[in-house]
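One chain, subunit A, links the two complexes that follow: it is found with subunit B in the first and with subunit C in the second.
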Partner chain A sequence: MISVNNVRAGYGDGPDILQGINLNAAGGEIVTILGPNGCGKSTLLKCIAGFVRPRGGAVEMEGCDVSAVPVHDKIRHHLMGFVPQTDNVFSTLSVADNIMLGARYMPAAERNARYAELMAQYPSLASKQERKASALSGGERQILSLARALISKPRVLLLDEPSAGLSPMMMHEVFAAIAEIRDRTGMCIVTVEQNAFEALGVADRAYVLSLGKVAIEGRAADLLADPAMRHLYLGGKPPVVESRPPFAAVN
Partner chain B sequence: MVEFLVHVAIMACLYGLLSLSLNLQVGFAGLVNFGQVILFGCGTYGAAIAFSHQLGPVAGIALGIVFAVIVAAAFARLGRNLGADYWGIATLAVAEVLRILANNEAWLAGGAQGVGGIPLLFGDMPRPMGPLMTLGLCVALLLAAWWLCQRLTTSRYGLALKLMREEPQLAASLGYDLAALKTQTLMVAAVLAAASGFVFAHYITFVGPDQLVSSETFLIWAMVIIGGSGNHLGAIVGAILMQFLFAFVPFVKDALGLPSEHVAAMRLTLVGGGLLAFLIWRTQGLIPEHVGGKQNG
Partner chain C sequence: MVQFVVDVLIRAVDLALIAIGLSSVYSLIRFPNVALVQYATTGALLALGLQMAGLPLVVAAIVACALVGIIAVVLNVVVFERLLRAGSAIAMIGSLALSMVFSAIFLVTAGPRPKRFELEINPPLRFLGARLTEHQLISVGISVLAIAVFALILFRTDLGRCMRATATNSVLASATGIDTRKVTNTVVFLSGVMAGLGGIGLSVKGEMSAQLGLDMLLPVFAAAIVGGLGNALGAAVGAVVIAAAETMVTNVNFGPLFGETVLFIPAAYATAASFLLLVVVLLIKPYGLFVAEVKRG
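This part shows the complex of A and B:
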């Protein structure tokens, strides 16, 4: 579904933030991108979406090179839904208006039917349809941004830190919603996450970025058991197995 | 006295058009244009060039619109590679370059001398009727422009502009083409400003580069800020208010017994002082932006 081949990217005249990244994600799986703050996770997601043009390599979706396809074309053709990391709802618009923004390129009848489906699916939003998005809690905003991305049934869903700033309970709820989307729709979902262990609980596979490269990749279950991961993410605690240096687990 | 009031009213309408145009850019699309005067100049030079080639006023307005669209496209192109603040400075630079060009290229439209003798639009009418007809035209233009701006900004297009201004990243991620939105807004605004310039040229009957100094841009900015940016009526009120205040500066000067050279300085003080006062005490302007309201996706 998505295939990132040896992509290099950066901003303006700056250095390469991504230095040759390879990543694959298939339909019906959640692939999560992990790594420390500032390592380029969001940049990679923006590169997949098309906000950042690769300097080298290519991004493919459904087997076509989309590196040069503008974001709005992918949205218009319902190929992709994208939820940015912060400020992901329009706070002056109502919940209903926010969701409908995701359905601009759908026939009115279909749009209304989809909207009703989503309201049935997310009761927490249904009870607040006319409220301004600014009146929602952090978790409700994440659900709102998900619903807005989902209304057009995109084939690919890109989520930048959907669990950022949420309480453990809300985080669990958001992850559950994402897993449910995968199971029900068979969408190809790529998320960026800081909360590595929680994210690995729902993801199928993961890529850990470090210094612009993929340092570790594999099935989520394997990574959860990987001592290198523990070393990376439980900073304070000593790694369980000291004999293995971090970042050594590529393939 | 009536003729004087008609004159002030005509100028108020023409500035009202410029102010509406700038407000569309600044207040709705978040485009900080410091080169606004050159869009007006597209209209004046369209009229001047058509006149000096013995072409009629229809050719003049057509030429003015073509110039305006070209300059707007150039401004939009600059915006692709620059942040909003640098873009503002770039528009100022482009406007200055074009003014200096007009000043030095005598073949273009008389260079620094400009072009005089541009016919009045209603020149063959008897004296009080001509200016009144011009005023009628200006009022009609202003109302039409107001209606157009109102239509644009309350439509889906206006919602797109609002979203772009509020959360550009998010708007882009929802499939809004920000570059196209900005280009379109600039084009509409440019045509409004050029229309103002065209009528101005045929009213004053003279076109020259000195009409395009950047202080004019800042005067229009003052009108937008004082009137209330993000509100069409505010932009018009700001322009009318400033024009009428300006018109009465000479009377105040006489009452205070000040020498004539103080008039320009007093006007400048009025602009600067008014601007400062509003920026400090009433940033939303006289008529604040309409926030919220019914929006449809």
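This part shows the complex of A and C:
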């Protein structure tokens, strides 16, 4: 579905933030990008989405090089949904308007049907359709931004830190929603995460970035057991989260 | 009093046309384009040239405004999009340099001497004791109409919705499938059309010189900043405030205040009024009287 081949990227005339990244993600799997703050996770996601043009290498979706395809074209062709890390809803617009803004280009009948489906899917939004997005809690905003990205039924979903700043309970709810999307739609989902061990609980595979390169990659279950991961994230101490039940069981 | 209102309105509408364009484009690309005031002169000179070529003034004005809009888009794509990659400060300096190029072109093509449109001279109309000429009335009417149309576009059309979304958060706007580059260039086109119309309006009511645009620089920026840079309708209100201050300074008899019969401040100080007002507003409300309606969050 997504194939990132030896991508180098940076901003302006600054240094390469990504120094030859390779990454693959298939339909029906959640791939998560991990790494310390400022290591280039968001840059990689923006590169995949098309906000940042690679300086070298290529980003392919469904076998086509999409490095030069504008973001809005990928959105309109139902290829991709994207949720940025911060400011991911229009706070002055209502919940309904936020979602509908993501579907302006769709035929009215299809748009309305999709909207109704989403409202049935996410009851926490359905009860607040006319509420301004600024009046929502952090978790509700994440769900709203997710719903906005989903209205076009994209084949690839890119999420930048969907769990950032959420309480553990809300975090589980958001992760459960993402896993549910994967299981129901078979979408190819790529997330960026700070909370490594939480994220590995829901992801199928993961890439850990360090100094502009992929330092570790593998199946989430293997990474959870990998001492190198523990060293990177917890200074060698065993992760506390491991004793928790998997997220699929939470909901 | 009515005369004062009429004078303010005559001054404010053209100021508003340019300032609204400045503010709208700023809201999308985050740099104030100094060259916009030169688009006003370009519009006036093009309209004059077309009139001299035999077109009726109205047709000449429409064609000139459309041409200015196109010039604005071409310059945005060829010059400003590139400069913006290096940052908004560079883009603003670039727009200043471009303004100087415009000035040179105006001097070469139109010469240093002021010009006028060919207009029939009719006796001024009287309205509740205030005097204004037919041309002033028509010009103000067209400008007000243009502002109203722009407001309708902004608040009642899909383009307006896309424009406000892009101004608020361009990454999120792209992520909702909005072609932010197309939206920006459409607004740049409209800003060029409005600036051109403003320049023509100013020239219909007075003289047209190569200096026309640069003379408007301070009042236009003052109006846009007083209205809260990035807030299109704020710029319209800012234009009224600045026009009122200018008119007050130049048209009010300050004689009685100082025990004299007549004491007028020379018209050359009108600009000083907008400057003074700008400084005062900035000191009290650094982000203008109206915060940009679109805020991140």
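One rule holds for everything that comes next: the second predicted complex is superposed on the first by the 234 of 251 C-alpha atoms of A that agree within 3 Å, B and C clash if a C-alpha of one lies under 4 Å from a C-alpha of the other, contacts with A are read in each partner's own complex, and residues count from 1 in each chain.
Note that contacts are C-beta pairs under 8 Å (C-beta built on N, C-alpha and C of every residue); 3 or more make two chains touch, one makes a residue touch a chain.
Source: prediction; values computed, not measured.
*Asks:* For the overlay on subunit A, clash or fit between subunit B and subunit C?
*Replies:* clash
*Asks:* So in the superposed three-chain picture, is A:Asn88 touching just subunit B, just subunit C, both, or none of them (first/second/both/neither)?
*Replies:* So A:Asn88 meets both subunit B and subunit C here.
*Asks:* In the superposed arrangement, which partner chain does A:Gly38 touch: subunit B (first), subunit C (second), both, or neither?
*Replies:* In the superposed model, A:Gly38 contacts neither subunit B nor subunit C.
*Asks:* Report for A:Pro123: first if it touches subunit B alone, second if subunit C alone, otherwise both or neither.
*Replies:* Neither partner.
*Asks:* Per the contact definition in the header, classify A:Arg76: touching subunit B only (first), subunit C only (second), both, or neither.
*Replies:* A:Arg76 contacts both subunit B and subunit C.
*Asks:* In the superposed arrangement, which partner chain does A:Gly63 touch: subunit B (first), subunit C (second), both, or neither?
*Replies:* After superposing on A, A:Gly63 lies clear of both subunit B and subunit C.
*Asks:* Considering only touches as defined above, state whether A:Gly102 meets subunit B (first), subunit C (second), both or neither.
*Replies:* Touch status of A:Gly102: both partners.
*Asks:* List the residues of subunit A that touch subunit B in one complex and subunit C in the other.
*Replies:* On subunit A, the overlap between the subunit B and subunit C contacts is residues 49, 51, 70-72, 75-76, 82-84, 87-92, 101-102, 104-105, 148.
*Asks:* What residues on subunit A touch subunit C, complex-wise?
*Replies:* Within the complex, subunit A contacts subunit C at residues 12, 49, 51, 70-72, 75-76, 81-84, 87-92, 101-102, 104-105, 134, 148-149, 152.
*Asks:* What residues of subunit A sit close enough to touch subunit B in their complex?
*Replies:* 49, 51, 70-72, 74-76, 82-84, 87-94, 97, 100-105, 148
*Asks:* Which subunit B residues qualify as touching subunit A in the complex?
*Replies:* 163, 166-167, 169-170, 172-177, 291-292, 295-297
*Asks:* Which part of subunit C faces subunit A closely enough to touch in the complex?
*Replies:* 85-86, 158, 161-162, 165, 168-169, 171-172, 174-181, 294-297
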